[in-house]
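Across the two complexes that follow, chain A remains constant while its partner is chain B and subsequently chain C.
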Partner chain A sequence: MGKNEKVAVISTGMTEFGDLYEYEITGIANLAIYEALNNLHIKKEEIESLYVGNMGSHLFEGQENLGNLIATYAGLTCPAFKIQAAGASGAVALRNAVKGIQSGSKELVMVLGVEKMTEATKQHEAQLALASGLDTNWETRMGATLASLFAIMARAHMREYGTTREQIANVVVKNHYNASLNPKAQYKNRVRVESVLRSKLLSDPLRLFDACALSDGAASVVLASEEVAYSYDSDPVFIYQIKQGFAPIALHQRESLTEFSGTKFAAEKAYRDMGITAADISLAEVHDIFSIAEIIAIESLGLVEKGKGGFATENGDTALDGSIPINTSGGLKGRGAPLGATGVAQIIELFDQIKGNAGDRQIKDIKYALAHSMGGTGGTSVVSILGR
Partner chain B sequence: MGVARSWRTQKSRYRLTGSKCTKCGALYFPINIVCIKCTSLDLEEFQFSGKAKLIEWTRVDEAAKGFEHLVPYYFGIVELEEGVRISTQIVDVVDENILQPGLQLQMTFRKLGEGTEEGIINYGLKAEPVDW
Partner chain C sequence: MGKNEKVAVISTGMTEFGDLYEYEITGIANLAIYEALNNLHIKKEEIESLYVGNMGSHLFEGQENLGNLIATYAGLTCPAFKIQAAGASGAVALRNAVKGIQSGSKELVMVLGVEKMTEATKQHEAQLALASGLDTNWETRMGATLASLFAIMARAHMREYGTTREQIANVVVKNHYNASLNPKAQYKNRVRVESVLRSKLLSDPLRLFDACALSDGAASVVLASEEVAYSYDSDPVFIYQIKQGFAPIALHQRESLTEFSGTKFAAEKAYRDMGITAADISLAEVHDIFSIAEIIAIESLGLVEKGKGGFATENGDTALDGSIPINTSGGLKGRGAPLGATGVAQIIELFDQIKGNAGDRQIKDIKYALAHSMGGTGGTSVVSILGR
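Here is the complex of A and B:
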């Protein structure tokens, strides 16, 4: 990416995450869309394209053609469409929006990540929807659950690197603590290691507290070309890099059970194209869909040494006052995990951090900030790097 | 899952039949119509022996739909002796301590789960320990 291809995030909007029982998906979307528009008095007619990231509107609600639906109820008449890439839906939508601006054909676009999951009241409906991001024939129908596949990764990581069950639980403890400082987080309660280890077993060694709960929510960002951005903000936050990495959809098709190879690929490409290293990253939001995923993610991103993710978490290196704070927002675990919204919510946390608006979670002297989002068990990875 | 989808995958699902590329020899499970290594469309059916070794595993306590009656069950990734990996349930585990990477397994034909809304009972292959 050349110097002039950086794309600015000029405005953001986000609902609370949780059980938003009183709103339809269009209502949830509107809360986020209009917060982002009204913050900067952007007219809805100025938005040239709406990129909607959503994982499961069809499964959760029997609704497709989501781009058109949301645009209609938001009063937007620009081209609108849904992008689906399981848990990475929002991040893949963001990447395509960035590409839209980089192409020169657009100057102001909106990305909306949205999910309404709590309507799926039966645990099995929800499980089915979550498992639809796996290889249904050769994983799900053989008995796999999302938890079982992350449990296999956890076992492999413990076996290979001596990672302990307590270290993995420390991810949950940290993310709940961070969430307790985030007014928009779904879970503001703090938890102890023992609570994690006493929660219901899902798939050995992973337990209920290692997983994310169902959630409703939306997050939106308005992106602008560099030129246009300065008319809204004299000191904009830029997305310098956004890379997507691939790994086979099924865990058994991958060479390593203890690395997200698509994440590693995307991160290394982003660092290289930008002429920086992982050491230049001051904080990161990563896809902690299960506790163990955060440990593998921070290793694959090069933010900690391979095999040391559990130890780094236990030592506090990834805490707010650590050397590389991870998931300052509370992550998917604490802030909440309306899947399609998570990739966009990460960008909003980094935006707030870079702008100095993160309140009690504020990280000082930020050079660059990184976001990492994944689909399924790591088949799709998106890595973004933001800064001034 | 519909009847047609079940039928389409049953040769692989019931008999561990895969594909072999006649050009480069690459093996695939399940059956594939193209060799993604050399792009050849000349593939023939290949019968995997069913001998396998354990790569990694877990015990599932919260099952997916259709598998509730099996809980808790063992589930893992195994490598067929021909070098291809698959996901499978592991049955007849009398002692969890035997489940170590490298454990010799044999694929065996079993009822997989309780079937679906369409009433199709899913049969297929599971892995069982050879000796312990």
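Here is the complex of A and C:
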């Protein structure tokens, strides 16, 4: 952050994630918007700007201009617009909102992440929508899918570091377990390693249970400057850092298949600017769009040693009672992955954990908490660090 | 602006607008990006962030995640993302970039507006893409199109204020004339009132020549803080104000058919915060997506008296040698309207005018210059004020 001003999260709202067939996208948005407003009796006139993170309303539903649409149907009359960075849309919207506050705003801003993916009536429509986040010319049109690209990363990680198929499956087992303790999660069923390994093959070595499902949902946070925050909350949760890192969009353009270089860049910059190290992070929400992504993410973030992500997961280090709990919410895999909403939902999980409101998922003695969101196969990475 | 810090435009780049069939969208983007960098020998490493304004690459070309894609193919390695607000996408991207600088950045940021619309092989694909900026449920699915909604506004303006069909056509005549003096314009042919009135009927009373064409193009600007700007330019052009106004997305939800209330709100706020009035504006670029929109815009901006927009156009008040020249570039109508690029192209026209580099279109004695960009039928409005 330029002036290193921390920005407070003062209220949050979130729908259950899943198949919300009874709501239009504006209805889903309203549930999250009004939960965040009503929690602190914030009037809608107090919201200065609405930042909407969304991956593909145009692709899933033929509706663009989503900022203006959602503001209209929420009864908000403030500036509103959409930010798109594939799976990182919500996190990038958050980063711009933080800069909006830091630019000198003395009012409140709202970030809404929202996606309605189950509207796509045919499976291939949804797959095409997801594939639009890849390099259309050099990946999608050559036959690559999200699953096949992450499968390449999984194979490379297994070869380079001896990571086993079972270790990768343990990410799924852990995240389903955590989701079973999260009332808003899409999947509350626990799974075993054997169920993952016996599920339908998507792209060798990745199987159906290694992937996120399509999901509907919305998540919103209200942000304020430090000065303003204390009039709403005597002990606010702050976003200390929010950094964005770059990697080339297509997998074949990158130097390594087993590292998210943009994630590493953003995390190291965040730690450095705060004067902390990865060891000061008590828990993290990471972008587990496929199981293998969580393993590569925790290594790239420096939370576990490079090459040891699979072993750490198998050993239970990343479990709720482990040394560095990862995806206590259930992650994209267990909690659900309405794409634009995921980056904001991560912030809500960290907020609840820091406030001590995470119920059966509660982690003790939190120093700092980290959120990691990605677009595509890692071309965009956003790393945020929260704390009191 | 929160801290009321002005932000400098230090360099610009723009393609010709039109049918750029020989380039991919990334190629079009590169032309504008590298013109802006090369003009001042700016190294690409000096760019801290890339803000991409684009309406519909997913709809026109099946490609999303455009920020990451364009950064990759431009060889930029900075944070990049897309901002979408229908026709105002470029202007909203600019507004966020201004806030990015105001948040304390000591580096350069680039705003790129880009659209490739001629890739849509069938006319109805392009129309569906444009219609995605309307309220899908309550406008598009009921049969409304952009043209029919602006036709309703035209009828209402004619009834309420006695505006004539010929006066509206004069907008087109003027903007084609101005475009004929602009080397980068799509349409360099001059037209007469009779040609407009004899062109194909789109939606009564609007005809083909009242509408913008599909267009490809890109426009980019490099922004810097006031402090940083002077090391690049001893006499910089500043963005003094950039305000965004809201109106409900659908036309039937608005109080008036003959005013852009969000435009009025944003303009009045900008004038007030600067301590000026509309009389201090020497020229303006406005969002003439249909001819009637220019008439309503100049009234809503306070540049002409309410109801007098048609008469002012007919009298020549808005011509190059008039009292308040409008769309000296040729506007969306004459210069071309690659949607995401238009909001940035407006800033480049004002920059050139203020710098005295507008060639045969040059306006003398400029105090302040205004840009007005809209999304949809006016649900989103952005008003910027530039000067030395």
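Rule of thumb we're sticking to: the second predicted complex is superposed on the first by the 382 of 388 C-alpha atoms of A that agree within 3 Å, B and C clash if a C-alpha of one lies under 4 Å from a C-alpha of the other, contacts with A are read in each partner's own complex, and residues count from 1 in each chain.
Convention: a residue touches a chain if its C-beta (ideal position, glycine included) is under 8 Å from a C-beta of that chain, and two chains touch if they have at least 3 such contacts.
Since the model is a prediction, treat every value here as computed from it, not as a measurement.
> Given the touch rule stated above, what does A:Ala71 touch, chain B (first), chain C (second), both, or neither?
A:Ala71: touches chain C, not chain B.
> Which partner does A:Ser203 reach: the first (chain B), the second (chain C), both, or neither?
First partner only.
> Taking the superposition as given, does A:Gln253 touch the first partner, chain B, the second, chain C, both, or neither?
After superposition on chain A, A:Gln253 lies in contact with both partners, chain B and chain C.
> More residues of chain A in touch with chain C or with chain B?
Looking at chain A, the partner in contact with more of its residues is C.
> Looking at A:Arg155, would you say it contacts chain B, chain C, both, or neither? Reply first, second, both or neither.
Only chain B; A:Arg155 stays clear of chain C.
> Who does A:Ser103 touch here: chain B (first), chain C (second), both, or neither?
A:Ser103 contacts chain C only, not chain B.
> So, does A:Pro325 touch the first partner chain B, the second partner chain C, both, or neither?
So A:Pro325 meets neither chain B nor chain C here.
> Classify the contacts of A:Gly56 with the two partner chains as first (chain B alone), second (chain C alone), both, or neither.
After superposition on chain A, A:Gly56 lies in contact with chain C alone.
> A:Gly343 contacts which: chain B (first), chain C (second), both, neither?
Touch partners of A:Gly343: none, neither chain B nor chain C.
> Applying the document's definition of touch, where does A:Leu128 land relative to chain B and chain C: first, second, both, or neither?
Once the two structures are laid over each other on A, A:Leu128 reaches both partners.
> Following superposition on chain A, which residues of chain A contact chain B and also contact chain C?
After superposing on chain A, chain A residues 128, 137, 140, 250, 253 contact both chain B and chain C.
> Would you tell me which residues of chain C are touching chain A in their complex?
It comes out as residues 1-5, 24, 49, 55-56, 58-59, 61-69, 71-72, 76-86, 88, 92, 95-96, 98-100, 102-106, 128, 132-137, 140, 244-246, 248-250, 253, 375-376, 379-380.
> Quick one: in the complex, what on chain B touches chain A?
My answer: residues 1, 5, 9, 30, 55-65, 67, 70, 73, 75-77, 85-89, 101, 112-113, 122, 124.
> Name, in rising order, each residue of chain A that touches chain B in their complex.
Within the complex, chain A contacts chain B at residues 124, 127-128, 131, 137-145, 147-148, 151-152, 155-156, 159, 200-206, 250-253, 257.
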